[in-house]
Structure formats: structure tokens, C-alpha cells
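Look at the two complexes coming up: subunit A is in both, with subunit B in one and subunit C in the other.
Showing the complex of A and B:
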């Protein structure tokens, strides 16, 4: 009695014996064979029908087979190809299955089921991705509470001979979907093809019994070693091509239902439904009725349908998805996001068929990046910072000019800087140091070719000392550090910038960049509030921006003396809480006192801007600026390196939590 | 554009700029010239009555935040009690403590709600933007103005007779359900703003150790 998962060696000529045994058991054997310039799954009689020496070449919108080996000694191998145009779905969930008969006789109707009597089949050459697809269909179609009986019948009568993938194609990405390339379960027998034959693995009672009847020997250790290498090799080949980052994908996708990318893809998509027909997990069907002229005898059939068809979501009074963009979005978000909510796993197994068989070559791996781009996760934002890791060491910059913006806010123009400083990003900051005083984190308020501006409010000893310096004085600086304002999150969207008090300086580089690339954005508006008119910073700048017609400016103060100010008086949220805002197409950037940022982000969230599209800049006590001193912790984040810019979603409850 | 250095202590002065009709608050106008801090007294001569026909009044009211969502009949009733007027900048439209004779909706321009504090002069508590109301005390006892309302620039106002309005809302439920929620919302918004202004969030007593 061979134990489950024992290995055996099947020499190449032995495959015919395996096929013969399966047929003796009353099974038809379905396997890969060449037909019509493709490798398809069809009934085969012996190993002579297999695509021996044939390889495939797949790319978006391209499929070719090549006979005569692929030049690396595989002249005699039978499974050196990846996926087929259709999957095993053609056999487990055929395109057309009769369901029931109906009779209508005068006022009476009568229904009778059509019995299921599917043939007993053996599937030879099932890949890991397709096994995963069968498992998904098991979930969807037999997971309950209603069971598709025809599928259950066929599935129960299927004998699975899996095959390890040796040569993934250019469109394969099972590794990133976690479904392959190694075959691990869901099979009766698994074969790993080597030049001289196959290493056989059993995965079930039925498989065991069959292998016993074959009376095979154990494989040599060399053969075992070679077999183990097949999966490793396949995985390595796949790692060199584009995959899908599944982490956070489910949430990223639903956050981007209004992304412009959908329209761009839809312009190319023909809604031809090739992808859904080739896909091994798509399961949407129609129930079609065919009857004689008088509708006395009707047969209803279950037929493959596709969410890409115009009528798929049509009802009597209209169509819920009239545009190609609606339908493409439905397919992609269902496959990669809502499927997880419904069935607990992703709906995609990474077989790549939809990519190969799309006539216009739409690649879902790229589509996903287009509509739901990655935001580097927390751990990955830590790019090597060009600063010393020694919190006592600083680079040096010289003050070129210094002037007062208000009675306690000064701007320093710095020159003679290390290259890395001028190459910083909007929202980043420097740790500034004057020997003898504690270092302070100061946001860079403007970038120029080889100068930067630092805008500082005098609060304590350090800032008072720094702002008392003269042009020509040197200061120690470390940075730029921190995660800055993500400008690309606003491409193609309206932008709202809300600044409070000393919160405007960190936002100015963002405004500079947006104005420099104005065409990338929709409507852009800045709302700025300060304590009193004399506390407004960058007043010249504000006037200049107000004169432009490509940026809207709103300014308010908390208090003013009558006669000195005829502008708005009140809180900054009043500047926009009655403004027309298209929440689903707006990205917001907010900086100021925490309570003001909280009020502003609540107001904007109430207008439909999602928390992942609202960015805030946080502050905490900092000493090193590089995440080593521990002072700036805020919940799970280090504000100096995970921030200071965070999305509202990342902050969660931290924003309003007292004492955090 | 080069940034000019400021001498220490010099207040930030802003150039005068003619405000176009706008939907967001534009940069404010400049300071008064020396000696012009005194306001002109409230008087009918400051207000130029506009002979607007009923239909236009209704559509004007409908276009404001206050009037949006009100039923057509309510707006007609309001228009019956309404007058429209224009006033120049720095005109006093209502004085703190006086009986509020009208509930007003600002159609264009900007007005300041101010209070006089001994030793500090007149302080602006809040400004009101087009579409919003002032003189809400017209509907709530003791029907006396809680602040002085001054125009900061040329304004256009639609004002509803307070006594007539009070009478109407007592009997006309539909009008009442149109007006009171809006008033409540306006006051809630102001209360929230007042609280935040009270918190003095931009004040310098921040917990920054440097």
C-alpha cells in the first residue's frame, strides 16, 4: 500500500499505460493536443496525441505555438507550454448545459428536470493555476446554500492528473497570485516532467490505487532533485516578468472606482468577452429558453454569459452598466476585490489567459497598476536618507538672506547646500542645529535650483537663536527627511489645499510644484486662515496667486479690528464648506494646528472626499529626525520617517485621540 | 518675484484690490486711511432701495444658500415681505442693541458682525458671505441685534420685514418649516466657528519646546 504523497517514477513510454488504465476504468481522457495552430484540451487516445516538442509563446494579444522544441533540449517533452485558449471549464462547466423541460398546455404549465449524466473524465495535464481555479469554482458553485448539480456531478466524476509547469509563458503570474507554479493539492496524481519521464506524486486514494496498478519503482535521488528544481526554475522565470501586488489590492481597487484610468482602458476595450470566456474562474451564465413555435415545449439551458455584454445588466427600464468602462470596471473589481468579500479568496489565479487572448492586448497586470497604483507601504517608504545616522552630525548650509514675514515668523534663504537638500520633496523637513541649542525640525518652504527657503516661527531658545542670525552665518542641517506630500495622488483631480497659521510654509513647495505642472490637475484652490491679519505669511505670494486665474485663493482670520481688514473673518472651514466640491474627484492637503486639521478634514470628508485622498502633516517632538530616538512616536508611526505627511485613513483615530 | 524684507514691527499692509463677483473669498481690501476708522451712521440715506419685481426677488432668494430648498410658495410669501437694497462700503446696516426690524440675506458683497469692546475698539467677530443671513435676532426674543453689522464693501441685501415674518411663521407652518431649519443651521455653523475662534488655535501658546 503506497502512502499518500509517495513518489514514483514513470518512464516516458509509461504514459501510454497510464492513459490506457484510465480508459479501462471507463473514463475518457482529455488532454492537451495541437489543433488549429493552438494547444487545446480535447479527447486524446494516447501519448501520441500530446503536443510533444511543441512550445507556446504568449504575450498580450499574442499566441503562437512552435514545433520542434524550444532549443534547450526539450525536443521530446510533452508539457513544455503554459496555458490553453480555453480552460478545463469547458468540461467542468460547459458552455451550454440543458437544465429543464417545460410544457405549457392551455392554462397549465409543467416543469421537469433534465437529468445529469456527465461522462466520467480524466483530465491529463492540469496546471496549478487551473487546480486553483477548480477550487474556486467548487467554492462558488458548490459552497452553498444552492449547489449547481451539473457542476457537482462533473466535478465528482473528474480524475485529475496534474502537471508541474516547467515553462511559464510571458503572461503567467500565478506566483504573485499565490496559486502556483508548484502543484500542492487538489489532484489525484501529479506529474513532474523530466527528459526521460515523469516523477509521479499521488494526492488521493484514487490516485494511489492507479499508481499501484502501474507498478512503478521509486525515483532515483537524481530524478527527485531534478523534479524539485522544475518548480524553482519556473518561479524564477516568472519573477522576471510583471506580476500583481496583491497586498492591499482589494481595498486599493474599491478606493479607485472613480479613477481616470478606467476610461483610458475602456477606450481600448472592445467588450468582445474573450477574457471572460478564456478565464477559468468566470462563472456568469444565462438561462436561455428555446422552444417550438407555439411555446408548448421549452428547453432551458445554462449558457456562458459575460458581464461585458451590453445586455448583461439591462432591465426593462434601462441598463445599469451601459458603458464599456462600467463593464470593464465591474469585471476587474469583481475578480480582484469583491470576489474576496464574497468567497474569501481572489477570483484570479494568474493563468494569464485574459492577457494573451485579448485582441487589443489589455494586460490586467498593467490595468491594476493604472487604476490602483501602489502607495509604498509604511516599511518601504524608508529610502536611504542621505544624512548621517549620527544624530550629532550635521551637514552645513549658509544663510544667504533672512527677513521677517510677520512679527515672529522669519524666512531664511539658504545657500552652499549639499546636493541632496535641494533635491528634496515638498513636505519634507530638515533638522536644523546651532551648536549649543537643541535641534529643531523645520519644513522646507521653497525649493530653488541650489537654494532652499526655511520659514521659522520663533518659539523657544533654538528658533530665537536661529532667527537672530545674519546672512553669512552657517547652520547645521540634516535632511531632507520625512515622507512628503504625494502630488501624484492628485493627478487628474481637483486639489484643495487648506493651511492654518504656520501651516502654509510646508505647503508652499507643493503649490509651487502644482503650478509648475498645472496641466496635470483640475481645479486648484487654496484656503488659508491665520490668527489676525498681521499673522498672515507670504502675503505678497498670496496676492500674486490671487491674480492668477488658474488657482483660487480664500483667506480668513480669526479676529480683526474693524477698519483694518475687510476680508473674511471666521474659521478656515467656512471658506469652503459651502463651496461646490466634487468629492470623488478631489484630493486635499491640509497643514496647521491639529484641531484645525481635524475640523478641515472632517468637513472635507463630509463632502465626499475619501480619507485616503486627504493628507495631513503631523508634528511631534523630534530630536534625531531619522526614527532612532523614539520621541516622535504617534501610535504605531514615527512621525519623522513614516510621516510627517499621512493620509487621513492612515491616521485613523490617532488624529483626535488625546494624549497619544 | 523677490520677497522684500519687512522692517521689524511693520504691519503687513495689503494693497487695495477691486473684488470681482466671486464664489470664494478673495484677498481682502486694504486698511482705512488714517482717521477713517469712524463708521458712517446707519441711515436710510446710505441704503439705496431697489425696485425689484416679485419674480426677480423670488429667483434671487432661491439662488442664496438660505433660500435653497425652500418651497415655491414659501419663497413667494417671503418675497411679499421683502425689500432689496444696496449700500456702499463701511455703511452700518444694524446697530448692536437696536430692535432688529428685518431678517436679512446677503446677496452680494461682505458684511462684518462687530462688537465694540472698551479699550479695544470695534472688533470683527465674523464676516458674512453672500447667501448667508444676518439679523437672525429678528425671529428670536428679545428681537434685539447682538452685534453691529457693517458692510466691508458695496453690498446688496434682501431684507424681510421682521414683524410681518414673525406673524406669518406663527400661522404658516410650511413657511416655518422652510425658515427655522435654515436658521438653525446658520446658527450652528456660527457656533462651531465661534468655538474654534475662541480656542485661539493659531495662538502662540503651543506645546512646542523649541
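Showing the complex of A and C:
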């Protein structure tokens, strides 16, 4: 007697014996077969109907099958493919099921239920993701208090022959959803395919009895070892592609019901229903009635419905989800969030069908990133420990080039730097130390792979000395230190950047990073003001940005001599007074004189941007740069360590209070 | 629709304008249901089927096939509208202008007069409007049955709903719904075949995708039809040049606004590309043909 969960060896030619036994038991065997340029599930008579030597290739909106080789370099296998176009729900929960007949004769009505007498089916080739989907349907449709009788009938009669997944496709993400690729339960027998046959595992009493009738040998240790490697390899393949970060997803997603990302996805979404129809867990249905012309006899049938159709949320007086955006949001939030509230599991098993079969390739994995990215805790990403930060421990950099931006602003291109300096973050600063002069905090105005730019206004002895240096001169430096601009916070949102005078250099790495990852942000606008045209820095770069269509630029000066300036005149806040701003979807970054930052942040707050979405970079006297010297204290913060970037909410009253 | 169904049979008319008569055959294709029609409905005008005619009605329900293609048809439909309690347009011609609506893109190449000269041996006998337009552009329409031709199932549903006095259940969802319910493999995803199915209304049982072809759009755009997104996918992912994208959209319901916008954004249908000249909206009417009817498609 074979024990439950024991292993046996089924030689390749033995698969037909397995199929024959299932058929002898009065079951139709449904398994993978090639039809219509795809590997679909259909009734099969023998292993000759299987897609032996055929594999699939899947990407968003794209599916192709190929003959010949596969991921394992073998052409003789029968199950070397990933998800099918439609799931097993075609059999467990068919697209259309008759429910009842009704007759209406004068004043009398009469109903007769149509009985459920589903065929006994064996499902051959069920993957881990689809087993998880069946478990979800079991919960949803038979978890009570009411059950779907037709489903219960079909499910009760099903015999499940699982097959371990060997070659996941480009749209698979079961590993990240925790449903696969390894089959662990929910099957009668499970097969792991090797070149010469299958390692068989039993998972139920019925499966055990069937395997006994096959009279199989035990697998060799070599075969056991090879079988164990199949899942490991499949997992490794999937780990190289995009998955879903499930951590906190349920809450992250419902916290983003107003996110801009929904609108952007809706611009592409066709609301065609393919995702929901292909999904193995989507269970929504209509009850459709059809009558003869005289309406004496009416037949009602249950048929697959979709939350993407207009009629789905229609009531007599209107529609609850008229916009495509409403419907996409309903679907995605149900799958990944409210499903958990209702049924205790995610509604997604990571089979990837909604991605492959979306006619325009919308990828749920990307949608989730777009509307509800997992933001790493700020401290972790914002404060890497530099090689030398403490006063007394210096790195040394060499000036590669130096040039004037304005009469009194110079940019130093620094080279020969330690890696940690170039790995700093936008908004962080360095303490520059030229022997003999007191150290000064200077923001990094551009990061290159092995260079940084420092843009410095000559104001005191130290900055005058540093900006007088020639290329080749060395400077001592500590850092980068401080908390920079939080960038992930603006993913999926519009961005407004406001700079005043010498406030633009600390913002430039932020702009560089935003442009490098432009797809993560909504509209991006930079508003830059200076006292006079001659005080504008980075003028060539401003022109170059102005020519791009992915960033808007507004420049103004407080005053200009007649005939010398053709741009806007006035304070920088005037630039965005007339700007359409969607406050609830905008993050603002501001750097400049404190009075200007105060005015700009108040103005933006007045346009509906919450104070936690407005960031400012503060300036204070700094000696150490690491929160030990006490100079830069501002209320409860040390600007060097806790800042220099703060949200407007963090600053509270201390921003506008004189003498604090 | 408000048709009172009492003991008196409902007076039904079936008429045609510029069309091929194929949708009228939908009535004759009803089979046994045709016999049931006689119980509740009295067909008083149906030139295709009976010589016993009352062309001026009055009608409780009037089914209109065909587009408005001539000045005479324009006068005729206004007259018929006054004689019908409920007017239902049937088929792609009546509901969107039909295949003949493509002539709106006649462009600068002699315009519609050039077309008439090229096609007819004695063009002086041809009196035509520059555009073939849907009935709803000219008179109020109470219900539409889409398709080229219409689906008899939808026709029965409309008649049944009318007889019972309820709202007909006519689908507004994509062809994809029928493909998926029937287990048909998506031809665009699996073969790269451009398909209008995602933006077109169901009704055809997904006939063409079942034959490994993309949908031609016979039933016209469904609600929320996102032609832009689909056309971008044709260009960017399937690699179709603009001309072929426009050709795909320029079928039986090309003049429906959601498809028309895509066609015009890509320079018009192939063979009728206007080459930078004024588009159909601003095109001057050649003197040889009748002027555009007021309230015409715009």
C-alpha cells in the first residue's frame, strides 16, 4: 500500500495508462492541447493530444507558441508552458449555466429549476497558481452561508492532476503572491515532468488509489533530486522579473483611491473585460433572461459578467461607475485589497493572464507600483553613512574644473572622490574644509558617476577662498550628510519645484533624478526666480529644460533694467498663481531665501497642497554637520542631521518665527 | 420607447433608405418566431416582403434601414418620423452611415463629384449628397439595432421587450466579452492580428475572431470606446503604419465619431487620403451636387 504523499515514478509512456484509467472511471479528461495558435484546455483522448514539444512565450498583450526547444533545452516534454488563455474556471464555473425555466400564463407564474448534472472531469495539468485559484473559488462560492450549487457539483466531481510548473512566462508572478510555483496541496496527484517521465506525488485518497492501480516503481534518488530542482529553477526564473510587493498592499492600495495613477491607466484601458474574463478568480455573473416572442416561456441563465462593463453598476436612476477609471479602480482594489477584507486572502494568484491577455498590455504589477508604491522608510534611504563625516576625518577631492555661473556664483566640478560621496542623495550637502578656513556646508548641485558638482556663492572668507582655487587643487570634505529631498513620496503625483536665486543648485539633483525616472511622476514644473537677470544660475540648462516637453519651466526676476529682460518680472509666487494646480495630487519642493520659502509654501498650501507634501531646505550656521555642535538647532531639530530638508508640517510655526 | 401593447395589434413598418436590404432580411430570417410576430404585431409596410403596403403608415413602430444619402431621402425620413410613434434604426448604414459614409473623405480629388464621375457612366443622372449620414443626424431616433447585418437575436429581444413593455436588453459591451465566454483565443494577443473587438459592441457572436480574423467593427463603437488607446497599440506594438491603422478603422461604421477621430488623426482612409488639404468637415461643396442638409453630420 502506497502511503499518502509518497512518490512514484511514471515513465513517459505510462501517462496514457493514467489517462485511460481516468476515462475507465467514467471521467472525461481535460488537459492542455494546441488549438487556435494557443495551448488551451480541452478534452483529450490520449497523450498524443498534449502540446508535446510546444512552449509558450508571454509578455504584456502578447502570447505566442513555439515548437521545439524550451526553457530546459528539451523538446520532448508535454508541459513546458505557463498559463493558458482561459483558466480552469471555464470548467468549474462555466461562462454560461442555465438556471431555471419560467412560464407565465395569464395571472399565474411557474418556475422550474434546471438541475445540475455536470460531467465527471479529470483536470490534467493544473498549476499551483490555478490550484490556489480553485481554493479561492471554493471559499467565495461555497464558503457559505449560500453556495453556488452548480459550482459545488462540478468541484465535487473533479479529479485534479497537478503538474509542477517548469518554465514560468514573462507575465508570471505567483512566487510574489505566495501561491507557487511549487504545488503543495489541493490536488489528487501531482506530476513533476522530467525528460524520461514523471515523478508522481499523491495528495488525496482518490489519488492514492489511482496510483496504486498504476503499479509504479519508486523514483530513483536521481529522479527525486531532479524533480526537486524544477520548482527551484522556476522560482529563480521568476525572481528576475517584476513581481508584486504584497507587504502592506491591502492598506496601501485603499489609501490611494484618489491617486493620479488611476487616470493615467484609464487613458490606456479599453474596459474590454478581457482581464476579468481571463482571471481564474473573477466570479461576477449576470442572470440573463431570454423569452420567446410572446414571453410565455423564459429561460434564465447565469453568465460571466465583468465590473468593466457599463451595465455592471447601473441602476434605474443612473450608474455608480460610469468612468473607465472607476471600473479599473474597482477591479484592482477588489483583487488586492477589499478581497482580503471579504474572504481573508488576496483575490490574485499571480497567474499573469490579465497581463498577457490585455489587448493593450496593461500590467497589474506596474499599475500597483504606479498607484500604490511601497515607500521605503525615509531614514533608511535618506541617511547613508558617509566614509568621513566627523570633523577631523576628511575625504579629499580634486577640482577638475571651475567656472562662473554669475558674477559671484561658481561651480566646481570635483573628481578623485570616494565612492560614498558620489552615492549621495539629492538635497544632501558636504562640509567643505580648506585648511585655514572654517568649514562651510555646501549642497551638491549634480551627481555624476564619479564626479560631483558644487555650486557656491562667494559670501565669506571660506567661500571666497574655495572659489578662487584652480583646477587640480584639492579640498577636504566631509559627507554627504543630512536628509535630502524625499522623492518616492511624489511617485504617481504632480511635482512643483520652486527655487529662488542660489536655491536652484540644491534642487538640481532632484530634477536630474526626476527626469531620469520621468515615468514615475505626473506633471513636473519648475518655477525659478532671482533678484535680477544677472543672478540667474544655470541659464543654459534652463533653456534646455524649457525645450523638453516633460518638464515645464517658469522663470521670473524681481526687477530688470528696461530692454535687458524679456521674461516675467515679479516674485516667484506670481508664476504659479495662475497655474492650474491639483493640490491633492501634487508634491512641492522649495529652496531659496527663507522669506521666499515661507511665501511660496503658504501660497501652495492655499492651493490645496497639504503641508506634509511641501518640502523645504533650510539654511543655518553649521560647524559639524552631524548634529553634535549645536549651532544649527531650530526648535526640536538640528537642521544638519534632521534636515536640511523638512516638510512644511514638520517645521510648523518655526518657519515664520523670527529669532528662533 | 412607449408603445402601448393592448388587444390591438401593434402596427409595424419596415422601410429602407440607402442600404443593401440585408438587415431587412433579418426579419425574414426569424424563422418560427416570424409566426409569433403575427400575434402581437401587424406588419403594415414591408416592401421587401409584401406588396400589401401602407407606405405612409401610421406606424406604432417603424424600423428604418439605410443611411441618408440623397436630398430625397432626407425629406422622406422627416416625413416618416412624423408618421411613426417609435422609430428604430437598424443596421450599420442607418445607425452610423454605413460603408458608403467613407465618401465623406473624398477629399480634394474632385470631391464627391469626382467620385460620381469615376463610378457612373452618366453621372448627370446621379443626385447625391456629399456625405452619407446616420438617420439620427437628422431626426430623433428612439432605439438602434446595430450591425452589418443586424443580429436576429437582438431583433427578437427588441420585439419581445416591446411586446412585454420592458426595456430591451441590448449589449453595450465589447466583442471581447463574447470571445471570452465562448473560449475563443484572442487573435490580437496570440497572432498580432489587429482587432477592433475591444471597442466595438457585441452582437455578432464574435464571428470574425472565431475565424482567426480581427473584428471589422460592424456593430459600431460601444460605450467608452477608447479608439486612441487601441490605435496606439496597433501602431506601437503591432507595428502598423498610420495608413493601415486608418484602414482598419475605416470599415462599416467608419463615420461613427469614435472611429472617425482615429481615421482623421491618421490622414483619412487609404485611397482617400486628403494630403494636407481641407478635411471633410471644412470641405467646400462642389456645385454639381446638392448642398449639405442642415443639421448634417459635423
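In this section, the second predicted complex is superposed on the first by the 377 of 660 C-alpha atoms of A that agree within 3 Å, B and C clash if a C-alpha of one lies under 4 Å from a C-alpha of the other, contacts with A are read in each partner's own complex, and residues count from 1 in each chain.
Here, a residue touches a chain if its C-beta (ideal position, glycine included) is under 8 Å from a C-beta of that chain, and two chains touch if they have at least 3 such contacts.
The structure presented is a predicted model; accordingly, all values stated were derived computationally and were not measured.
J.: Pick one for A:195: touches subunit B only (first), subunit C only (second), both, or neither.
T.: After superposition on chain A, A:195 lies in contact with neither partner.
J.: In the overlaid three-chain picture, which partner chain does A:85 touch, first (subunit B) or second (subunit C), both, or neither?
T.: In the superposed model, A:85 contacts subunit C only, not subunit B.
J.: Quick check on the superposed pair: does A:550 touch subunit B, subunit C, both, or neither? Answer first, second, both or neither.
T.: Once the two structures are laid over each other on A, A:550 reaches no partner at all.
J.: In the superposed arrangement, does A:292 touch subunit B (first), subunit C (second), both or neither?
T.: second
J.: Looking at the overlay, does A:571 come into contact with subunit B only (first), subunit C only (second), both, or neither?
T.: So A:571 only meets subunit B here.
J.: Which partner does A:212 contact after superposing on A: first (subunit B), second (subunit C), both, neither?
T.: neither
J.: One more residue to check, A:403. First (subunit B), second (subunit C), both or neither?
T.: First partner only, subunit B.
J.: Which touches a greater number of subunit A residues, subunit B or subunit C?
T.: B
J.: Help me check something: in the complex, which residues belonging to subunit C touch subunit A?
T.: Touching subunit A: residues 33, 36-37, 39-40, 156-157, 159-160, 163-164, 169, 172-174, 176-177, 180-186, 188-192, 195, 197-199, 212, 223-224, 226, 228-230, 232-233, 237 of subunit C.
J.: List the residues on subunit A that touch subunit B in their complex, please.
T.: 401, 403-408, 411, 438, 440, 457, 459-463, 500-502, 525, 527, 529-531, 533-536, 539-544, 546, 552-556, 558-571, 573-580, 592-593, 595-596, 599, 619, 621
J.: For a test of understanding, state which residues of subunit A touch subunit C in their complex under the given definition.
T.: Going through subunit A, the ones touching subunit C are 35-38, 40, 61-65, 85-86, 90, 95-96, 267-274, 277-278, 288, 290-295, 303-304, 306, 309-311, 324, 356-357, 359-361.
J.: For the complex, which residues does subunit B have touching subunit A?
T.: Residues 1, 3-6, 8-9, 11-12, 14-15, 17, 23-32, 36-37, 39, 65, 89, 110, 112, 114, 120-127, 129, 131, 150, 152-153, 189, 192-193, 196-197, 199-204, 206, 208-210 of subunit B touch subunit A in their complex.
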